[in-house]
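Here you go, one structure.
In order of appearance the chains are A, B, C and D, and numbering begins at 1 in each one.
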Amino acid sequence: MREAREACGLFGIVGDAAAVLKTYYGLYSLQHRGQESAGIVSSEGTRLRLHKGMGLVADVFSPATLERIAGPLAMGHVRYSTTGASTLLNAQPLVADCAGGPIAVAHNGNLVNSGELRRELEAHGSIFQTTVDSEIVLHLLAHPDHAGKPDGLARTFRRLRGAFSLLLLTPRELIAVRDPNGFRPLCLGRLGGAYVVASETCAFDLIKANYVRDIEPGEILHVTKDGVRSERYTEAGEARSSFCVFEHVYFARPDSRVFGDTVHIVRMRLGAELAREHPAKADLVMAVPDSGNSAALGYASTSGIPFEQGFIRNHYVGRTFIQPTQGARDQEVEIKLNIVREVVEGKRVVVVDDSIVRGTTARSRVKALREVGAREVHLRVSCPPIRHPCFYGIDFPDPRQLIANERSVPQIRDYLGVDSLGYLSLEGMLRAAPGQPADRFCAACYSGRYPVPVEAGMRKEIFERGAPSCG
Amino acid sequence: MREAREACGLFGIVGDAAAVLKTYYGLYSLQHRGQESAGIVSSEGTRLRLHKGMGLVADVFSPATLERIAGPLAMGHVRYSTTGASTLLNAQPLVADCAGGPIAVAHNGNLVNSGELRRELEAHGSIFQTTVDSEIVLHLLAHPDHAGKPDGLARTFRRLRGAFSLLLLTPRELIAVRDPNGFRPLCLGRLGGAYVVASETCAFDLIKANYVRDIEPGEILHVTKDGVRSERYTEAGEARSSFCVFEHVYFARPDSRVFGDTVHIVRMRLGAELAREHPAKADLVMAVPDSGNSAALGYASTSGIPFEQGFIRNHYVGRTFIQPTQGARDQEVEIKLNIVREVVEGKRVVVVDDSIVRGTTARSRVKALREVGAREVHLRVSCPPIRHPCFYGIDFPDPRQLIANERSVPQIRDYLGVDSLGYLSLEGMLRAAPGQPADRFCAACYSGRYPVPVEAGMRKEIFERGAPSCG
Amino acid sequence: MREAREACGLFGIVGDAAAVLKTYYGLYSLQHRGQESAGIVSSEGTRLRLHKGMGLVADVFSPATLERIAGPLAMGHVRYSTTGASTLLNAQPLVADCAGGPIAVAHNGNLVNSGELRRELEAHGSIFQTTVDSEIVLHLLAHPDHAGKPDGLARTFRRLRGAFSLLLLTPRELIAVRDPNGFRPLCLGRLGGAYVVASETCAFDLIKANYVRDIEPGEILHVTKDGVRSERYTEAGEARSSFCVFEHVYFARPDSRVFGDTVHIVRMRLGAELAREHPAKADLVMAVPDSGNSAALGYASTSGIPFEQGFIRNHYVGRTFIQPTQGARDQEVEIKLNIVREVVEGKRVVVVDDSIVRGTTARSRVKALREVGAREVHLRVSCPPIRHPCFYGIDFPDPRQLIANERSVPQIRDYLGVDSLGYLSLEGMLRAAPGQPADRFCAACYSGRYPVPVEAGMRKEIFERGAPSCG
Amino acid sequence: MREAREACGLFGIVGDAAAVLKTYYGLYSLQHRGQESAGIVSSEGTRLRLHKGMGLVADVFSPATLERIAGPLAMGHVRYSTTGASTLLNAQPLVADCAGGPIAVAHNGNLVNSGELRRELEAHGSIFQTTVDSEIVLHLLAHPDHAGKPDGLARTFRRLRGAFSLLLLTPRELIAVRDPNGFRPLCLGRLGGAYVVASETCAFDLIKANYVRDIEPGEILHVTKDGVRSERYTEAGEARSSFCVFEHVYFARPDSRVFGDTVHIVRMRLGAELAREHPAKADLVMAVPDSGNSAALGYASTSGIPFEQGFIRNHYVGRTFIQPTQGARDQEVEIKLNIVREVVEGKRVVVVDDSIVRGTTARSRVKALREVGAREVHLRVSCPPIRHPCFYGIDFPDPRQLIANERSVPQIRDYLGVDSLGYLSLEGMLRAAPGQPADRFCAACYSGRYPVPVEAGMRKEIFERGAPSCG
């Protein structure tokens, strides 16, 4: 369920006369990865031009704006702030002038040594004008140890720890980079003579680009009008891949291909595994729409229990919704998901959800199902209980707010008021993506096993001191 | 498919301290019936207070606004303009002062004798400040022949021809009226000591009101803090009911109960009929989401062909989308509906849509299905071809733009590029709503048989002369 | 001082290809007469097109808007609301369709028999959708007694009592009307082949039109592309003129010519009279800028005391100013008018103001003058004490808030804390406009002698019941 | 005349519970120094909070915003962009985190060695995210050579060349600095126990603070809750003062005290000198309002020719004005300044203006004076011809657009169409400010003698490369 907030979406393109417009479309496709700010930076060959703003892609850009920054190289970013300092100053891409000329950066992921890097850079004299990781990348690139050096990029990226799918834009080049573990997705596509890079392949579909391959963990890909050139800044195999499994479970769009598999297919398989692990005697299977749809279809198909549409979603619910009373969060859920009484009345229903974070939505909807007469409610969740924070770019709430924190599954079952509750096992989950071996995924939010060590006392808060706000 | 535009949604409540807030929630539930303007008028017992604006309910109202017009009687309206004069001046409710004091009106439907009434009223000296039917109602109510007369309301409503579900608000009373044919839905609900009226029952669910009954065709229902009182302005049975079947096919929300049946259930049955009338040899059944979902489930269930999710909908598409080129309408469709290649590649697919208006969306998506490798595409439509204009409140495009206008089904099949095309028959469609006999529906847009004669030369345009515009 | 609020400004033009743009400029010149809403209605020969909005002329209109309503006939209105119901619904011009076709009205002034007319019209069946006088005019024009009758206009205007400078626009004609007393100004100008009508001649200067003459009290002037045609609806001399002297004292722009005299010149003469009636032993004369400038120059010139600039006005003060504390009104005055200490320190100063309404500004600034060391402060006011409400279109505050209400001049002097206080006498004031005999002015706010009887129990409030609000 | 654009205004306060609100008022007073963006940064003792935006002070801040950043230390900035990159990213104050903690800077003036400093800092690894001088100051302060060093501030400011009145804010301290030449004003005031710093004393008047003294050229003033502490970073007298004389001529508000003199008094004296240098036989003296008012009064008083008000200014003219045609700039002037025909008709008039930059306004208004019948027009300008660019913070247009560039005074006279033209001499101008010896002023825009050498090839453009734009 939509209680975890996505981090960011990236899109870049080189060699297309309508690069800025295509970036706009690309960001539109990636809007689910971030709804708080959007930005595009472009180049006509010598200088960078930027437009960014708070809000949805459709609100931030007008035709006049896109026209004003038109150019054959462009990249863009959508973002959901992970800190309190959610302001225009922190919106990406970030653009800076440095010794090597102008450069822009857009970042999806989260560094786990940002405090250490920041202290080091500050000691060198760097000033930080934002509270986002991306600025660290700019400072490192501009540092005399790296700037103008043949291996400056590689040495910069070797300093970073954690999750980073990055796009850099200079006046003549787009550079795509992925961390050695490949936590976050990043794909390469082709559109006629142009090359395209995006967080998810759904962005390619819209502009009719073809998927070529994933940017590899540890790879630096240089894209210019003359084509692409790849280099590595880590030895291949130096780090084991740790792809974020939550992209498959919830984040990515079902029509996207990430980490080698189509998300919808993976989710169908998650549902199928779930049906095998946690069967139920029931009259119908229904999804918590839309994120639970694929898994519910998989569950229904494998269990042989008919798939039904018991929830109707109101798509007009947005952030401007008025919440006048204490029960407002409940109220929002009620507006968002209404029940078709005739479907569930007197029935034993299996409700399939992709994941449970706080449990607020689930509890409210279960109660509502009871009220309209559901005879039994069996909740099935297509991943294990989420018990640990993510340091690699997913914005879960404070661990104390996670429903599975310090609660056993039977306790959660009672809390939610369901007749039975089944979480997919870790093994079951990791088996569902056939394109990757199970050990190539990061499942730290379920297992607590963090593939990249987090700096002692790492707190995102370090980035919040002095956080400027700006309307 | 979403190519017909909805007319309006109504909500009213009397006897609840939070009447204005509940009206806000009610309009939120009815947002699908009109996205262009929203308004609420309330009373604290002596005077009416109005707030309305262009845009979605969530944008028009702020907590401060709701607070400012708080009162125990309230009613609201959402609207999609059916004329070019889509402006704030035309937004509803309309409020006027007349001899009997202040009165407000909100209207769902379309009068077919508006030109005649308007000419008559103008001859009497009436001035028209808007171009909406509702203003005619106000003038008739204020006319000395009706105002202050014991049967003034009844005599007013007997002058109106066509479709009108109306709400009137005076400082002490909410009045709900439905035309003798009952073209548009209007339901009565109860919430504790308060009475509620709404276009669809989904508005009751959100505020936890219970459905009581439909306002009857030809009924005037007076709602005050002391309860409800019903009168009739036509003899029962004087007019035969002609409920708009398109409410079931497409308009109403699937979780609503209209004309005695739950919409989702009716749509499932439309799909089932369709499967019987137009079977297909195929590997999977998929819907054009979201409006085709219910019928597709019905088709799958009856045909035994598995239901699959082949289209993924991007819910961020809105009216602000940038359309830079000729192919913009196509582009919008592409953004809205992407395909999961793995689901359809190499498959024989049945695509179920609720209806086809222009055919633009269908043609574009069929082409896209071919491109990703669908082997066969069988289109099934859960209603007959739409060939005639609606004069009772549904805003179809100009008949010349209807795909079924002057095209046979084989011609449409070729135009859309599908392997087979099956429209549900008129009889099949009318059979699907078990709560009403087939002859109680208006199906004029399919059959051309208009249950209420339309005034000679009726043109909506009569309402557009001098149409003022206002920012 | 700016404590009385202006009512309205009118502008109309026929026969110029850029009529809408010139109306925009004209309203810009008349902005001082109303800052709350602005509107323009135009005709291209068959229908009327309207754009209006809340705010300043420059904010309400964009180039695209002006282009969209372009046409060779146009008229516009700026307004300061005189009631609480200050909303877009009340913004002018009002446009309506009636039996005779579309018609628009814009009004400057105030009717004193509006309650009576409204009741009569309501009894006939008229519905009132706004709370402004102008709507009454539309209803009367549309009434079968008047509409289509050869003397319909004349009979309509003979029904109106009070102050009304009116513009009407039909698709082919602009009609300018002035009440029999001529309370409010209205002038005719010529620009090449086009005719122009405006509240003040400053609007002519900007578009380089030439002043021709005033519309006469009791005159109806028809302006078409073929020229002007005049008719009278009252006998000449039937009513004695009663021009609003406050237009000269404060309202009109100093560069305008109203009632036959240039305002700046009249104000200089007011200052000269004031110097004769209330001389002072002082070192310098200073104005409360900008409204007191002309009178102060006249005082200085006649008294021989040097004119100095002791107050500096901050022109950025607007309505958005933040008023956080009780003393906010004082604070606003302080921001608006600062003192040049060196000018007044140790000096005996004469401060000339055009008028004193509440006295808030005067008291605050006198205190400030003392604080920076003025030795003596002699306040001179270029009109008599304002003691009575205006029913003819000037929005003075509630009489209880007028400083001169129930206070003698010595009491006012003590309240304001000045060493001496001199108000110009009624006779002195009426002598200052050489273009008109003294008895041709309305000075009711000073004298209490109302030239047109006000209906018993007339309350603006009658227009406020049911006042709709609209964002 | 208002053709030169102001640079910036500064305000800071320490030790007042309502520091942020007072900063808001202070910026309101300084609005004439910059209308494009406004910002306030505050501290509650540990961290900095910033709000800034494009537009006027009244538009950028709401009561809620001021409340949100409330704290006992605050400083603010208003700005008129001097580059094309006029965007929110460039709005001040700038805030950054560096090794020493958070710090904010606000700057009035222009550095003349910014290119050199920027190159040096970039070589060290600094990245520049804005195109404003102020960012250079932050980088220098954070540099390891300065940060944490006892003389770090002094060493930083010794690196800067050119004009800089600066405010810095750390969580516990406000620091005010002025360049060794003191080009731009900066004053210290006291309000109860709080200290206040502002560009002009008019800001003190509004909040009722008392002027204490000017910050001295070459001084660093530390302001904390415990009081003020002064240090010098240059030897007293090391640099000769070069106060910008244009502050007296045009920039500063007449009610302000800058460089030891009250501006209005200086301008009166400029007018008096002008009368002596360039007498005229005329019937009246009139000002180009408002900036020419003081000098015109001085001219009138000295010459004995009566002062009259011939121009009326329309104060509603703003940046949103629509300019549809080529003559738009003329049109704007016409809207802004109308003429009182009766004042000038048949008269020999002396028009006094503070300065002439492009000459557009002057030429247009002289023509208009002729049209309404002025018999002779004698233009008097209270400063010499402006012929040279300013590198110290005043945004004159491109020298090629200066009317005095490559034109002799007789040529200018003919171009403007006046009967005689008199510019005040350099000596006359420098004599008018009694508080300072003539050689303590910078008059480079008149004389071409630049008191601080400008770096070879200095171009503001260096700051524009890669200039990001941001809505």
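Please note the rule applied: contacts are C-beta pairs under 8 Å (C-beta built on N, C-alpha and C of every residue); 3 or more make two chains touch, one makes a residue touch a chain.
Given the structure is predicted, the values throughout are model-derived calculations rather than measurements.
Looking at subunit A and subunit D, no chain is in contact with each of them.
Remark: subunit B and subunit C have CA centroids separated by 48 Å (rounded to whole angstrom).
Mean C-alpha positions place subunit C and subunit D at a centre distance of 37 Å.
Centroids of subunit A and subunit C (each the mean of its C-alpha atoms) stand 60 Å apart. Counting only residues that touch two or more partner chains, subunit B has none.
If touching chains are joined by edges, the resulting network of the protein chains shown is one closed cycle, each chain touching exactly two neighbours.
Note for the complex: subunit B touches subunit A at residues 21, 24-25, 28-29, 31-32, 35, 56-59, 61-63, 66, 202, 205-206, 253-255, 262, 264-265, 290, 293-294, 297, 301, 306-309, 312-318, 320-322, 324, 331, 334-335, 338-343.
The residues of subunit C lying in touch with subunit B in their complex are 41, 47-53, 60, 65, 68-69, 88-89, 94-99, 101-102, 119, 122-129, 138-139, 142-144, 147, 465-471.
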